[in-house]
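Next come two complexes built around subunit A: one with subunit B, the other with subunit C.
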Partner chain A sequence: MTEEMAPDIHSKHFKAVDRALIALMILPILACMVLKIIYTPATEGVHISGALVFYQNDAMPVMPLIISESQVNSWGVMISILGLCLYLTHGLTARAVTKRQLVAEWIVEKCQNLVNENMGDYFSAWGPFVTAIIALSAFSSLICLLGLFSPTGDVNITGGWAILVFFLIMHYKFRGGFWNYFIGLFKPIPVFAPMNLIGEFATPLSMAFRHYGNILSGAVISALMASALGGLSQTVLGWLPGVLGEIPFLRVGLPAILSIYFDVFSGCMQAFIFAMLTMLNVSGAVPWDDWNARKEKRARRKAGAAQQPAA
Partner chain B sequence: MEKTFLSVISVNIWNIVIALCNLLILTLIVKKFLYKPVKKVMDSRRAAIDADYAQAKAAREQAEEDRLNYAAAMEAAKQTSDQIIADAARTAEHRGNEIISEAREKANDIRRQAEADALLEKKKAEDDMKREIADVSAQLTGKLLEREINAEDHRSLIDSFLQEIGHDDDK
Partner chain C sequence: MELAMGIMLGLLGLGAGCAMIAGIGPGIGEGNAVAAACEAIGRQPECKSSVTSTLIMGCAIAETTGLYGLIVAILLIFVAPGMFTGILKDAVTSMKG
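The block that comes next holds the complex of A and B.
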């Protein structure tokens, strides 16, 4: 704090901003929970379904616009992440004095190293994108710990991400020229063309379904387990008098242990896998030889054009 | 308001577009609010560290230069002091020799003077002795003359006597 640029981390203003940022992190999630509680219809027993629909507009072209729990929860997570970013980078100094700065630097450094190791130095600007994927995916999955619907359990969400990744892969594949890409589909022999074509679309499809399937199956298994344990409890401990007989005692404990695997571990794992596949697919998509040849050709043509008027 | 759930698998193009945009927006958020400030701070720290290193290096070089200068100055001072001591020794020796030779000369002078004085004294004594002897011989002559001897005997006696004395003196 001897430096002139260092913000006074004990000042009232600094602490007020801190509190506001923490609120920015927590409030969106709370709002999602409130919204869910308000909208959820009273149901009996186990209920396995997709997201809760909040709003539907049938006037949109092609398909009705549906704003469901997945969208709202995604936005909540995004605002929460924004608050987290602002909180972590609040009061940065060249000489790291706060713990949160160490956390922020650790995150940036780790993600950047991950990108540099897996994609090469040419893609070092991809750090934010990969960090965003990991953060959005992991937080979207972990939100189910709060009883909210995981947006990653909706195929549209992971599908949207996978399609974005697909666009990026295509963007890099076309770097070598569309004609080269097209010829590449007929290699090693022309018969492979349909399979190669399917392979191109299989990448985003598999990414989307892997992520979605893992999270949704975890949620389904958790729900089934809870219901099964509830039934078991009623059968085994139903003889207890009065209210005691209605409490599903066997539900205590075991679902939490399962939740550690299906919600926490699987959620983080799938986020990491999705990011990893994104990095590998995008960095592997660049046809370096074709691209370099094309660049060289273009440079030669430019040089030739420059020489033409002179001659 | 109708409260419904979506089915477990339900594809909706708008939701896909929304998810795609969400990821893009979050990328921008992360880039602007996390990466940019953190990288800026890390860069500034690196710059500060580099500056510190450069400063330390400059200081070390300065110290080394000072040390060399000091050593050179010490060497020069030592040479000067050696020179001064050698000069002083030479001057002292020179002066000592001078003093010694002067003293020797003075001593020689004194001795020569003494020899001369002694010689003079000796001559004076010789003369005195001669005069004494002459006196004694005269007296002796008178005594002899009282005896009656002839003149010839008298003269030859004196001469021979004187001859003898002179002869003794020359030896």
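The block that comes next holds the complex of A and C.
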């Protein structure tokens, strides 16, 4: 047995790569912040608005091409997560020597267990996909702690994810044959067909709106609270002399506590729920009986085709 | 023109308030769910963790209908005025012209 040479974690080369990966984690977020600072119009006080539009091209054929803040932020989050993954898996060895390897192993193990428990052994290859959804969604929601617009507060982003999940669900539903699926729409009685059809499209719609609504409502309530506290502080403490009267003292504290619920807890919860619903919907979509019958039929036909030329 | 604008904005606010009646349903439903979960934990304290995780998951899903109402209210307050003011102005100018 050949002992694989362990990477020297104290060498200059290793540390330089480490620093580059940490920069890959931090720089996209910093770039998003700089873009936001450049593009934010000068206004006074708290302002509730959607995502900023960075670039708009009206000359596109179907509809204008809009590059908005939420898109750019989600790209930043993606690059940042890529940096995090590369950093955690940098210098992997058979026997863990670094702390980051333990963290990476813990994450992989937990997510794989989650997928195996909820989807069954047939879908165990779905671990990376589900983990990617959880990570992207959670980090997108948590990015608003840095003062950036969280991409999940925009229905276009969560709608895109939901459409992706919808295609996956349909792929597994068609496993039992298109005809069987089509017949299934008319069960238990043909009158239910429109409702069943609406139900098919309601799944991705409700997933998208659930995630988006939770994050957006948190952002709106936080902004309303902050502006209300600012006004209250101006009326109550406005008599203080000079600059002291202009500082909204009452805004200290309470919005932070609200933020722990709305941004941290709700963001992580919604990421988990989105992944959970993805797993349940996809694993529940496979018509096992029809699929097995179809596989048997195909195997029999193949066997028949093989026998005929012999006979 | 001003009167029409005032009536429109007032009705939009009223509509947003009415849309939030949707918050009643999830409130009752989640209350029932928490009551049932408390009962289950009281009966079998050893399965507290699984009951709690199922409860949070179920509560988040039960919230959905309330969130639909919330989204409608937010759209009525922040998006609809900008849209409807343009339509109203166009209608008034075409009536005059």
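Brief remarks follow.
Definition applied: the second predicted complex is superposed on the first by the 307 of 311 C-alpha atoms of A that agree within 3 Å, B and C clash if a C-alpha of one lies under 4 Å from a C-alpha of the other, contacts with A are read in each partner's own complex, and residues count from 1 in each chain.
The working rule: a contact is a pair of C-beta atoms (placed from the backbone, for glycine too) under 8 Å apart; a residue touches a chain by one contact, two chains touch by 3 or more.
Remember, predicted model here, so these are calculated numbers, not experimental data.
Of the two partner chains placed by the overlay, neither subunit B nor subunit C lies in contact with A:233. When the shared chain is aligned, subunit C comes close enough to touch A:269, but subunit B does not.
Contacts of A:160 after superposition: subunit B is touched, whereas subunit C is not reached.
Touched residues of subunit A were counted for both subunit B and subunit C, and B has more of them.
Contact with subunit C, but none with subunit B, is seen for A:206 once the two complexes are overlaid on the shared chain. In the superposition on chain A, A:107 contacts subunit B only, with no contact to subunit C. Contacts of A:216 after superposition on the shared chain: both subunit B and subunit C are touched.
With the contact threshold set out at the top, residues 48, 216 of subunit A are in contact with subunit B in one structure and with subunit C in the other. Residues of subunit A that touch subunit C in their complex: 48, 206, 209-210, 212-214, 216-217, 220, 269-270, 273, 276-277. Every residue of subunit C that touches subunit A in the complex is listed here, in rising order: 56-57, 60-61, 63-64, 67-68, 70-71, 74, 78. Residues 39-41, 47-53, 56, 60, 62-66, 68, 70-71, 74-75, 78, 81-82, 85-86, 88-89, 92-96, 101, 104-105, 107-108, 127-129, 131-133, 135-136, 151, 154-161, 163-164, 216 of subunit A are the ones touching subunit B in the complex.
Of all the residues in subunit B, the ones that touch subunit A in their complex are 2-31, 33-35, 37-42, 44-45, 48.
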